[in-house]
Structures are given as structure tokens and as C-alpha cells.
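Chain IDs A, B, C, D and E follow the sequence of writing; residue 1 opens each chain.
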Amino acid sequence: STSILPAQKITIAAAADLRFVLDEVSNEFQKSNPGIKVDIIYGSSGNLYQQIVNQAPFNIFFSADISFPKKLDSMNLAGSKPKLYAIGHLVLWSSTLDVSKGIEILNNPDIKKISIANPRVAPYGKRAVECLKYYSLYDKIKDKIVEGENVSQAAQFVLTGNAELGLIALSLALSPEMSSKGKYFILDGKSHSKLEQAYVIIKNSETDKDVLNFVQFIESEKVRVLFGKYGFKLPVEDK
Amino acid sequence: MDEAFLQTFWISIKLASLTTLILFCIGIPLAYFLTYSTFRSKVVLQALVSMPLVLPPSVLGFYLLLAFSPNYLFGGWLNNWFGIRLAFSFAGILIGSVIFNLPFMVNSIQTGFSNLPASLKDASYTLGKSRTTTISKVLLPNIKPALLTGICLTFAHSIGEFGVILMIGGNIPGKTRVASLAVYDEVQALNFGMAGKYAMFLFLFSFIILLFIYSVNREYQKWKRF
Amino acid sequence: MEKVLIDLHVKKKLHTNEGEGELDVCINIPEQALVTVFGKSGAGKTTLLRIIAGLIKPEGGFIKVGGQTWYDSGANINIKPQLRDIGFVFQDYALFPNMTVKEQLLYASPLKEHKYISELLDVFHLKGLCERKPGKLSGGQQQRLAVARALARKPRILLLDEPLSALDSEMRLALQEEIIQAHTNFNATTLLVSHDVYEVSRLSNYVYVIDNGRISKQGKPGDIFNSAMPGRPPADEGPNCYCSVCGSLRQ
Amino acid sequence: MDEAFLQTFWISIKLASLTTLILFCIGIPLAYFLTYSTFRSKVVLQALVSMPLVLPPSVLGFYLLLAFSPNYLFGGWLNNWFGIRLAFSFAGILIGSVIFNLPFMVNSIQTGFSNLPASLKDASYTLGKSRTTTISKVLLPNIKPALLTGICLTFAHSIGEFGVILMIGGNIPGKTRVASLAVYDEVQALNFGMAGKYAMFLFLFSFIILLFIYSVNREYQKWKRF
Amino acid sequence: MEKVLIDLHVKKKLHTNEGEGELDVCINIPEQALVTVFGKSGAGKTTLLRIIAGLIKPEGGFIKVGGQTWYDSGANINIKPQLRDIGFVFQDYALFPNMTVKEQLLYASPLKEHKYISELLDVFHLKGLCERKPGKLSGGQQQRLAVARALARKPRILLLDEPLSALDSEMRLALQEEIIQAHTNFNATTLLVSHDVYEVSRLSNYVYVIDNGRISKQGKPGDIFNSAMPGRPPADEGPNCYCSVCGSLRQ
């Protein structure tokens, strides 16, 4: 094969919010396909896109939005059409405050810092700003905002208590590391544009049967359950 | 060059200058102790001083984030007693920068001290000069190249440093957003043109500073030697 | 008899060409005396001076100066070199590379007496070089600076380790005069190391000879040097030798 | 400690050792030239050598990524003529690490050279020894503390470096995933316990290496002095 | 007359105590001669030796050795110190701090002649110290090592800058003998700087006196030193002075 990697191994580049769910997915996959090794490299979608453009040896790219896969396709670097695999959710998260009342909590004067992901780079950060603007809160709390490089870091800021409140991905709030330590509130979908997440197979990997195997596995019922467990809606279900 | 850019840049310079100043003051006594003390377990201190070099900046930053958090011991104490929060503040990134650059300053000065002949110290002591006078009037002036190296390494490295600041700074414009973060940001945003412009400016600025310092040093060296 | 100013008995291991030895000397120096330490290369003269200055810690014994104890192995006393009121001319000069000639003297002078420093510069023929750093001085100029620097402090005790060895005889004579002057002017008790018998005779009133780590002889220079030195032929001035040193003996 | 971790760790050590070795060989002639050459514009070279200090690692990494890319000049040439692709390979991160650590090695050695008295070189030359012999037998042995500082700084810093490698390495297990990246990854995964364990291991390992080097150096220093 | 080995005329600006001056000397040294350069401290003796060794570049003139041109300002020739076959004893010794006594001699000896080096160690009383580094040697031991190191190379030309100044008279006499031996044994043409008139008379057959940057006098030691030195009283041996130097004049 023309693949740079030895056979029986798949290398996947994936957005930071998929960390927990894809780890479980690949475990399941390896259980039913022993002998195939799956390496997943997590990072911000932008950074991974950038590396793929520069010929990084990845087989599949799971982005946190749909624009990067589309760009790869238009640059003729994709081996398949971009395919929607999940829809993410933005949540409020705090370990100390009661967030059950929703967006109102942002008026609480006890809040000194609010963490979001970098809106210029991270899809979740961009949605967070949209949401704050939608509720006309952005200008009021602008000075309290601290930005994490990606959504995972924004979660870190609240989890360590340096920020009282964070606007992060539901998938992270449901992770074992966070779910026991705080409460979340799912923000209304109409306050921000949809978090459509898509994947593509990288050019020249579309002939690799292990890769195709994995992509098929993504569509399976087992995996749908796993995605559901981490709060993702599935594209069909959403329609 | 817009205002935001200049502001970002100004914070970088302020951070680097303060870091260098603080480390210069800490570094001299520490390097002196490490060079001249006969204390047996000073190697342990020596190794500790070099630790920030080995830990990835992001990890160091993460530990600082934990230390600064009001939920934990040190940060909680600061928060309850003084109402101070170090995370996401200029003071916080300054602390991070000082810790992170400690080995650059200390190791350089120490190399200088350990290359000096013992006779200089002896001669000054027999003239009745105290240790402080000896250090400031005799030892330090004779290790100028080493001091300069320490200052340059520290200043330059704190201008370029971004790992620690990324972890504890929160990227707040006008407070903790330094130039190195801004460039990284633009690269991440695939805004290569802007990133290139920022990087070029940073490059030129640093290049000019270094050029200036090394030219001065060259004059000094010429004057010292034959 | 005069009051004893320096009273010492020190021991220190030495590694010499002949193997391991020990320096073990007793010395009493009266106030304002000018005493010479004489001995072969490697005998331990420099070591003795460094011990008195507090730069080397002996392995046993004591050093008492005036009423004060500078060192006592029994009582575990060892006061710092800074607190011993001495002036030291190092055999290798130990000049400060960063300071000009004048700055070194100013640094050494506790009261920054410009007039005195200017006198020293004159006497030591360094006036024209006072803005130079030691790296650009000739060997003899460096040595003169080292002596001038030790005098600039006006110390109570002067320790001179071969202070004039790099100088031509004319300069040497003039500076011997200066050492005598300094010695009388500010009453410095002086300990001199020199290999030059004429110099020793001219300057000092008492000589200690170190041999094998012990004081083998002591006394007035006349007494010490009149007994012929071991292995040397007797004195005899030949006509084909103009001896510049002896030449100027009679003052 | 699982297998993946040991593999990661091994790559870190390999990278740091090779970087140090290469820089030691490049650093000595470069530092010698920068110290002793009378070439007027050597300050420009001097400033260039220090540049990697100032540029944020991510920016440097980004430029390297562009340079390595087969779509651009240098990378294209390598790819077309030799079939070599540097990005995402061990050779690539090695190049990045070498460039990034250049100033640590060169500045340290240079400080050592410029503290040496000129007379050593003179004496060796009058004994008829060539420049190479003089450097290897006289100059270098007399700047051991400076060489040691250079080696330590470089080794430690390449163990801890992650910005450049993150950009050009792609974090590929078994090839370019070094320990510092792995720890960062665990922190990102909010897996603080595991990150702490990894960091502690890294910390202890480096601590022991540094402790060892400094102890050896201490013996050497004792032996040199009175 | 003997063949001229070294033929030089060099110029170099000096900054002396009296202000700016110029070194401007012409010297012809016959093969195998042992010539002394004599002069006040700061006169330019060391500078002259360093120019011959190629460590300082003069501002004009030429240096020819044997048939070879070492330096010529007109033809822009200046060969490297490494290619000039010399042995240099530096006034400040310039020992290598990293090498033991023995290693320094081995380093200097091109053929690593262990027998010869062992002889040198013996003669210079350094055998017992051969594993020591210079930092642990006394001043005189360092100087002896510096001379031994220069001889170890068996150079064609020996440049000795006050090679025995730190030694006691006994050692000094013995090592003067060694320098004479070396000079005859391997035919080294020798240029010596010394302040000791007796030493000059004993060792050398020709003297150059530098004064104000010029050669003010030259000739046989007897001729030069019999005319009384300026400012010095005439020779007169008094009974209360044992002159160790003159004492051993008659061989």
C-alpha cells in the first residue's frame, strides 16, 4: 500500500471535545478487531487541519465542526466526502455555584472569572460568544472572560477553581473527570449556531480496509450509544 | 500596527523587563551561594534550580494553576486573607515567568563565578572589604560577559515564552495577552499573514535589542583585552 | 625588650617536592619590627603569610596579634581575613582586572585619601598609567601596583611576598626606601619574603630561615648570612663582575 | 508504567541526547568563532544565534513546518531529490530541537571562552601547537564548567521542550511523541492524576541526571581549587 | 664573524608612565648566541619578546630568522607564532591550569621524549610534584615549570622573560647552569630578559640596553656594566654584608 504507516494500524486526528468518547469507541473497536491498533491524536481542530495540509500521516480526521473537513475536500486532500457524525452541545458548568437556573447565573456578582475557549480558533468558543451576545450579556461580563486555548483548557480553568463558571462542551461535562465534581446546564440551541461535527478520510487512506472498517464501525449502534452517553446528538436523530 | 498590537507588545516588554530585573536580584546571591558554599547538599538545590528547564512549560503552568486556585491551600490562603487571585493576572504570569527563567539567570552567573580565580576574593578580603563590597566591586565587574549572557537569555526567553503563560494567563487583552501568545493565536486561526507580520515584528525587535547588547559587550571586551 | 605584637605557632601539612611534610613554626614579632622570612623555593613561606592573613586555615596552633586572638585551634577561633588589619602583597599580585590603577588604590584606601594616593602613584612611578587596567601593564608595573595597593590601606601589619622581585635594581632600591618609609610613617609591623640577601640585610632587623617546614635559624641578618650558606663558595668579589646589588651597599 | 509510556520516554531521551551531541559539535567551533574572530559584523551572527530564544516555540515550529512541507521550496527539493519528508518524522523534530537549543549551547561555551586569559592561547601557540590542538587540549579543558552548563541546559531544555515538537511532530506514538507531549496530553485530558504521575517521573529522572552531573562537577571543582 | 640568525628592526607604539612613546629597535643576533635585553621596568622588553614570538604585531619593520622572513610590514608577511620555532618563558608563566606538571612537559615535547622530560623534572626539582596542577605549586615551582616547559620543546630560539626572578640564589645558580647547558646542548639561540646584573654577566655574551624605546647601549656585559649605572654609588663590598650573589662568582 502507499500508506506511510505499517498495516494493522490506524492513526486518527480528533478534536479535543471527542477525547473521552473516541477513547471508548476505539477500545470497543479493538475488542472486536484484535490485531488492529488505533492511535488517536487529540488537538484543536485548526491545528490538526494545519498538520494535515502539511502531510501529517493521519488516516481519518474528526473535526469539531464541518468547515475544516470541507476545506480539505476542496483542496483535494480528502479521500471521502465530509460526513456529519455528531452534534455537540454548549453547557454552563460550575463546581461551586448552582447553575440550574440557567443563564441568569451570569448576573451573580460572586463570579470573578468566566472561562470559554478561544473564539477565534475553537468552535465551542465561537458559540459561547454568540450565546452571550444573544442574551445581551457579553458587554456586561466581557472583563470577566478568560480564554483557554481550546475547550479542554477552558474546562481546566473551571475544574481547578480558578474560574467560577465555564461555557464548555457537554461531552466534557459528562466525562468521568468532571461529572462528579460539578453541575452543568445545557444552553438553549437557539442562542448559537449549530455545533455540527464532521469527519473525513484523508487522501490515499480510503483504500485501506482497516480504515474503512473503522468508519463503518462509527455508524454502528454500539457507537451511537456511546456518543449519546457523552451528550452528542446524532445527525439522523436530529433531523 | 493597531493599538491592540502595541498593547500586547508592551505587556511582553514589561513582563520580560520585570522578570529580568527580579531574577537579576535573586540570581546573584543564589549563584554566589551555589558557587562558593561548602554546604554538602547544595547539589540538591542546584538540581532544583535547573528543574524548570526540564518540566514542559505547560505542565509547570498547570501546577501553578493548581497552586493559584482558591480551592487549594496556597491560593485559598491568598484569596481569604488578602483577596488576591493570581491566576489570569499580570502578577500571576510574572511569577510564572520568574520561576520558569530561574535557571537561565542562575546558571549563567554561576558559570561566571566559577571561572574567576580565587585570588581576587582573597585580595579584596585582605584589603578589609566585606563580602558584599567584594561581590559588588570586584567579583561582579569581572564576570560581565556572564552577567550579560544571563540577562540576554532571560530577557529573550521571557519574550518568547508562551507555554506557562498560555496555562495561567487566560489570554486577556491588556493584562496577560503577550506577543508570543498573539502570534500563536494567529497561527492557530490560520491567519498566516497576520501571524507572519507579528512574528516579523517580534523578530526584528528582539534582533535589534540583541544586536545592541552584543555590540556594547564587544566594545567592552575589546577594551578589556590587549 | 619591645612588646610582642605577633605571637604565633601554627601547623599545616605541605606537599613538597620531597613528599609530604609539615609546616610547624613558632614566631614572635615585636611591634614595629621589620622581619624577613627566608627559605628555599617551596619551603612554605607563602603558606605562612597566607595563614597569618587568614586565607588558609592551619591544622593546629594559634595566632595572637596584640591582645587579640586571630586563630586558636583549641578554642575554635578563626577570625575572618577582613577583620585582620593587614596589607598583603601577593606573589602573583592578585590585581583586580576590572579596575584601573587609580581605582585599585582608591578601593584599598578606607578613607579615600586622594593626597596620599597621589603620593603613592608618584613614588611608584604609576602616575602616567593611572587610568590603565592591569592587563595593559608590564610585569614590573603590576608588581609596583600590588605594593602600592597594600600600602594604600595603611595597615597595622604588612605581609610582603617577594614584593620587588620583578624590578630593575634602580627601581628596587628606590622602593626599598619606600617600604622603610611606610614602615616608619605608619608604624606597620612588616613581614617580608625575599630571596635577595642584600635586600634582606638592608630592610630587616630580624630573619627567620624556614627549612623543611621548621625555623632552622633566626637572628639578625648579619649573623645569619655571615655563616656561609650551605653548598655555596665563600664571598669573593672578582674584578670582572660588577655586582649591582652589592655595589650600592654602603649608604 | 505501561509500555507506551516507556516508549515515549525513550524517544525523549534519544532526542535530548542527539540534540546535545550535535549541538556540542556545532557549538564549539561557533562559540570559538564568535569569541575570537575580529570580523566586524560577527555581532549579527551573534544576534541570529540567539534568535530561537526570542521567537515563541510555536512560531518557530510553524515556520519549520512550512519549510519542511513538500509544497514549498526546501521541503519540495528534499522530497523530489531524496524522497525525504521531514515533517512528522524523528529527523524533523531533531532538526527543530537542534535549532531551538542552539543559543543555550553556544552562549554557554562562549561565556567560558571569553573568561579565559589570553595567555593560555599564546603559550600554546609558542609551543608550536596548532589551533585545533590548542582548543582541544588547552582551551576546552579549562572551560569545563561552561561546557557542563551548556550540556545541562541543552539536554534539560530539549527534554522539556514541547512547543516546536507539537507543531512539527504531530504527537505520533512511537515516532515523535515525546514525554513532554504525553504529559501535556494527559493534562488536556483533565487526567490530572496520570499527568502528575508522568510529570513526577520526568521530574525525578531529570533531577537524578542533574544531581549526578552537578556532583561530578563539584568533585572536579574541588580538585581544581585549593 | 658568526652567521647572523635573527635580524630584526621593529616599531611599535607604547604607552608608558611618561606618556606615549615608541619602541623602535634594531637587533642582530648571531647563531647560538646568548643575548640579554636589559632595561627599566616598562621599557618594552616583554613587548620586544612578544613581537619576536609573533604574539604582538609590530607597526612596521621586519623580522628575519635564518633565511626566513617571519614578519615584513612592506611585503605584508606575518607568519603565525605556531610556525616560529621558539620557546617562550612568560613573565607571568602562563601555565595551563588543567594539566599536571608532567602533562605540561609532555604537551610541550613534540616527540614525547620521556627520558628527556624525566631529566628536566629532576633538574628543575619538580619530580615529586609531577602529578600536581599549577594551582597547587609555590611561586618558584611555577616559574621552574615555565622554564622547563619552554626547554621541553628543544626550540631553535629561546625567549626567556625574567625566567629565574622568583627563585632563591641557590636554585637560581643551579638553573643558570641548566640554561647554559640547554643552550649548548641543542644550540638554542637565546634572548634573555633579566634585571640581575650578575646573572646577565654570567649567562650572556652580549647585552642590549633598551631605554626610551631605543637601544641606548650594546656590547659585552663587562663593557656595559663597568661604566657605572646612572644614579648608583660605585661598587664597594662592606664587611657587614654577605652578598650571596657575588659570593659564588668565581666558578
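Keep in mind that, in the parts below, contacts are C-beta pairs under 8 Å (C-beta built on N, C-alpha and C of every residue); 3 or more make two chains touch, one makes a residue touch a chain.
Because the structure is a prediction, the values reported are computed rather than measured.
Enquirer: From chain A, how many touching-chain steps at minimum until you land on chain E?
Expert: The fewest steps needed to get from chain A to chain E is 2.
Enquirer: State the chain with the largest centre-to-centre distance from chain D, centres being mean CA positions.
Expert: Farthest by centroid: C.
Enquirer: I'd like the Å distance between the centres of chain B and chain E, where a centre is the mean of that chain's Cα atoms.
Expert: 51
Enquirer: Rounded to a whole Å, what is the gap between the Cα centroids of chain C and chain E?
Expert: Taking the average C-alpha coordinate of chain C and of chain E, the gap between them is 26 Å.
Enquirer: Would you kindly tell me how far, in whole Å, the mean C-alpha position of chain C lies from that of chain A?
Expert: Centre-to-centre distance between chain A and chain C: 82 Å.
Enquirer: Which residues does chain B have that touch at least 2 chains other than itself?
Expert: Answer for chain B, listing residues that touch two or more other chains: 62, 66, 187, 225-226.
Enquirer: Two or more other chains in contact with one residue: find those residues in chain E.
Expert: 92, 136, in rising order.
Enquirer: Where in chain A do residues touch two or more of the other chains?
Expert: 50, 153, 156
Enquirer: So which chains end up touching which?
Expert: Taking the chains two at a time, the touching pairs are A-B, A-D, B-C, B-D, C-E, D-E.
Enquirer: Please name which positions on chain D make contact with chain E in the complex.
Expert: Chain D reaches chain E through residues 117, 119-120, 122-131, 137-138, 141-142, 144, 224-226.
Enquirer: Considering the complex alone, what residue numbers of chain D touch chain A?
Expert: On the chain D side, the touching residues are 65-66, 68-71, 85, 87-88, 170-173, 185, 187-192.
Enquirer: Flag every residue of chain D that touches chain B in the complex, lowest number first.
Expert: 43-44, 46-48, 50-51, 53-59, 62-63, 103-104, 107-108, 110-112, 114-116, 118, 143, 145-146, 149, 152-153, 156-157, 159-163, 180-181, 183-184, 187, 192, 195, 199, 202-203, 206-207, 210-211, 214-215, 218, 221, 225-226
Enquirer: Quick check: in the complex, which residue numbers of chain A touch chain D?
Expert: Chain A reaches chain D through residues 11, 16, 19-20, 39, 41-43, 50-51, 53-58, 150, 152-153, 155-156, 159, 172, 175, 177-178.
Enquirer: Taking the touch rule as given, give the residues of chain C at its contact with chain B in the complex, in rising order.
Expert: Residues 53-55, 80-88, 90, 92, 94-99, 107-108, 110, 133, 135-136, 149, 153, 155, 159.
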